[in-house]
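Alright, structures below, take your time with them.
What follows is a pair of complexes built around subunit A, which joins subunit B in one and subunit C in the other.
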Partner chain A sequence: MSQHLILPILVPLGTAILLLLLRFIPLARLVVIAIAAVSILGVNISLLSSIYKQGIQTYQLGGWPAPFGIVLVGDLLSGIMMVLGSIIALCALFYSFGYLKEEGQQAIFHPLFFFLWTGTNGTFLTGDIFNLFVMFEIMLMSIYSLLTLLGDKKQIEAGLKLISMGLLSSAIFLAAVGGIYALTGTLNMADLAIKIKPHADHPLVSAVAMLFIGVFGLKAAMIPLHFWLPDVHSSAPTPISAMLSGILIKVGIYAIIRVFCLIFVDLQATFQTFFLTLACITMFMGALGAVAQTDLKRLLAYSSVSQIGYILMGVGFFTVAGMGAALFYIISHGIIKASLFLAAGILKKMRSTTEMSEHGDMIQHSRMFTIFFFIGVISLGGIPPSSGFFMKFQLLKAGLDGAFYIPVVVAFTVSLITLFYLFQSWQKICLSKQKDLPQTLPSFKLLAPVGVLAILSLALGLAASPISELTQAASQQLFSPELYIKAVMGSM
Partner chain B sequence: MKLILPLAIGVLFGAGTYLVLQKNILKLVLGLGLIGHGANVILISSGWIGTGKVPILGNEETTPFVDPIPQALILTAIVIGFAALAFLLVLSLRVYRDLKTSNIEEIRGQRG
Partner chain C sequence: MNSLIFKSITKLVSPILMLFSVYLLLRGHQLPGGGFIAGLMTSAGLVLIYLAYGAERFDWRNRNRFFYYLFSGGLALSFLTGLAGLFMGGYFLKSGFAHVHMPLINEDWEFASAAIFDIGVYLVVCGVCVSLMTLLGEEE
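And now, the complex of A and B:
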């Protein structure tokens, strides 16, 4: 029983409400946002360290004991995801001050942003399958509004796609919850894990598992459920694009990991080939889509699809090493992709387009931009000193150790394609000669978050061994679900 | 009742799917609403036990009860679905005003 587990949900929620009340006082809002954002990051880091030291922590909402009430559970996986989310959110928040010029836009943007933060933290913490649905909806609802906030035609069109997708996926989610409840009569994930054991061969179990893959796959944008992602990620306001690609598509992966390492443990072997096949297709098709793009933000969006394939591959190995590598990949890719999206936003600010042919010669205008963008490119491409090398290396090594040769070959090929399209985009934007000069140069407010994330991804490469120790420990914890069940259900 | 609920689910999902596949944006909205209600009916049927009684403390002798949890769940689900659907409706109104069309094919053509 640890009370502070509620803080990552309560603090952003309170901040969002406070920001709505302070709508007309910009200075007060600024102070509240600064204090809240830093304290959420602090709370999440302290939570992760206490989980690391003391093991899985639980908090029963309203004091109702485990199978009846809603439980919040903090294990290493949720701790890592929350810290990653907070780092990206902090940078995106700082960036949004430079990106949204109008006072009125900021007054709406920031409360919604904190609601989004509430939803992501809640998703990672909850130990109840229906509460997971509710947290998903909080998150999605904020994204709907944040996406269509600026009212651009492209954004409205993307919003239409995203909301239709969201409504459909929540209907499927409800159907799956109904199926699993009819079978077991419980919603608590740990209790589900116990009660579903005797029914492992029941046809409803694999049907429900398939429905869950559909729902979470839609959120994670694995092919063939990726159709909404390129439009949404490329047309969203840039700080939201960074959040979407950095953390929100990983929410889908998180949910897949959680469900398959806790509830459907017995189905892991059955679904392994399915996962690996989908992972390979997602990697390859995403990369092919990225090569064909002329718009930087769309290129990055397709690249996110492709990288989700890598993460899914790590998950699909269902080995401790593979899962650990996938978690390292989630951290590393989240930081790099957020940095690259924020960099693309700078280009958008300069010439109000992210078409690569409209840009060029950035090396003359902004050395810093060129360097940060380059760090992002080598990181995502997987060149040694960066964290990107370690994320790919660990994943491929885990694959070879588990004798999954075909996925490893596909992953290696796709990483060459990745390197190709990233370097091409960098060369077009930073090196190619362009006669007319841009009117505005990137401001510090926009450049600083890009730099912080780029340096962080380099640092992650240098500190790869402690971080991968952490992810391996998290994966160890995931493969002993009895720890999770014991923490939630007590000595039952 | 054993037959009515599955039939209702089937009709709701079928009609919803048919409407979602149409080209009019309003039909898309209605279709998604129907699918959402189909899911709600699935959820409520998961707590159904034949001729169950109302789950109120005090008349314990008249078992069996209907499970009250799915009813609480769909209450939440209905509210959330309503909010999302309302947002979608407003958005489609905005699309209609901006682009002067309610045909999804034409909306897709606006990219660029």
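And now, the complex of A and C:
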């Protein structure tokens, strides 16, 4: 029992409410945002370190003991995801001050942003399947409004797609939760894990598992459920694109991992081929989609689909090494993709478009931009010494160790395609000669977060061994669900 | 809408709606009811007035700001109730209650902290519903 565990939800929630109340006092809002954002990151890091030292921690909301009340559970997986989310959110938040010029936009953007942060932290912490649904809704509600905030035509269209996707997935999620509740009579995930054991052969269990894959796959944009992603990620305001691609699609993956490593442990073998097939298709089709794009933000969005395939492949191995590699991939890809999206936003600010043919010769205008963008490209492409090399290396090694040869071959081929489209885009934007185009230099406020994330991804490559130790430990914890169950249910 | 029947019925129905919503609000933490449903019911009464008597009834200075603070204040109230639980009971959202003897009517009344949480929810729902209605009804 630790009071610490409630803070990642309380602080952003309180901040969001405070920001609503301080709407007409811009300076006070600035101070609140600065203090809150840094302290959330601090809280999450210290939480991760205490989980690493002391094992899984739990917190009972309202003092109601599990399985009757809602319980928050912090294990290494949730700790890692929360720290990653906070780093990306902090950079996106800083970026938003340079990106949203109007005071009125900021007054709406920031409270919503903190509600989004509440939702993501809550999703990672909750140990109750229905509460997971609630946290998803908090996240989605904020995203709907943040996406359509600037109100241009494309964003409204994307918003419509996202809302229909969200409503559909919420309905299916509820149906799945209803099904599992009918079978076991509990919603607490640890309790579910115990009570579902005797029913492992019941047809309802695999049906519910399939529904969960559908819902979370829709969130994670796994092909064939990726149709909403390219529009949404490319037309969102850039700080939100970074959040969406950096952390929010990983929420879907997180939920898949959580459900399949805790509740449906017995179904892992049954669904393995299914996962790996989907992963291969997602990787390949996403990369093909990215090659065809002429717009940088759409290219990055398709590339996110493709990278989700890699992560799904790591999860689909269902081995300790594979899961650890997938977690490392999540961290590394989140940071790189956020940095690349923020870089694309700079282009958008300069010429109000992200069409690659409209840009060129950035190396003459901004050396820093070119370097940061290059770091992002080599990282995502998987060239050492960037973190991207280690993420792909670990994943492929885990695949070879587990004798999954076909997925490894597909992954290797796709990484060549990835390298191709990334270098092509970098070459078009930074090197190709363009004459007499109006240029405004990117401001410090926009360039700094891109730089921080790019350097972080390099640092992650240099510090790959401690980080992968951490992810391996997290993965070992995931494959011994009895630890989680014991932490929640006590000595039962 | 300028219909005498609608206006007279509104005059009759909306006070009942609002009174009943307060009843639902106060019993909500023990029995069916609660802040959300009560807030919706109050807003329904307000919407009826808005439709029957026109936007002028809601046309006072700083109206939008008033409703804005109504719902953000309600959110803050609910949040603070949760925090109070954390500091006084040891858990976030921990609720407490007390029985207070009412002198004149000579009865024991129960006061629960959950009721304060519900009032916060009530304010949020009322504020949001009325804001939506007046903002959508505004002329560009």
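The criterion applied here is as follows: the second predicted complex is superposed on the first by the 491 of 492 C-alpha atoms of A that agree within 3 Å, B and C clash if a C-alpha of one lies under 4 Å from a C-alpha of the other, contacts with A are read in each partner's own complex, and residues count from 1 in each chain.
We take it that a contact is a pair of C-beta atoms (placed from the backbone, for glycine too) under 8 Å apart; a residue touches a chain by one contact, two chains touch by 3 or more.
For clarity, every value in this text was computed on a predicted model and none was experimentally measured.
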Partners on subunit A (subunit B, subunit C) - clash or fit: fit
Subunit B versus subunit C as contact partner of A:R23, first or second or both or neither: second
Between subunit B and subunit C, more extensive residue contact with subunit A: B
Degrees between the directions from subunit A toward subunit B and toward subunit C, using C-alpha centres, nearest 10: 40
Which superposed partner A:G214 touches (first subunit B, second subunit C, both, neither): neither
Touched partner set for A:L10, first subunit B, second subunit C, both or neither: second
Which superposed partner A:G159 touches (first subunit B, second subunit C, both, neither): first
Partner chain in contact with A:Q60 - subunit B first, subunit C second, else both or neither: second
Which superposed partner A:G402 touches (first subunit B, second subunit C, both, neither): neither
Least C-alpha distance (whole Å) that remains between subunit C and subunit B when both complexes are overlaid: 8
Footprint overlap on subunit A, where subunit B in one structure and subunit C in the other make contact: none
Touching residues on subunit B, where the partner in the complex is subunit A: 20, 25, 28, 32, 35-36, 38-40, 42-47, 67, 69-70, 73-74, 76-77, 80-81, 83-85, 87-88, 91-92, 94-95, 98-99, 107-108, 110-111
Residue numbers on subunit A that touch subunit B, as the complex places them: 130, 133-134, 137, 140-141, 144-145, 148, 151, 153-154, 156-157, 159-160, 163-164, 166-168, 170-175, 177-179, 181-182, 185, 187, 231
Contact footprint of subunit C on subunit A as seen in their complex: 3, 6, 10, 13-14, 17-18, 20-21, 23, 59-63
Residue ranges of subunit C touching subunit A (in the complex, touch as defined): 68-69, 72-73, 75-76, 79, 83, 85-86, 89-95
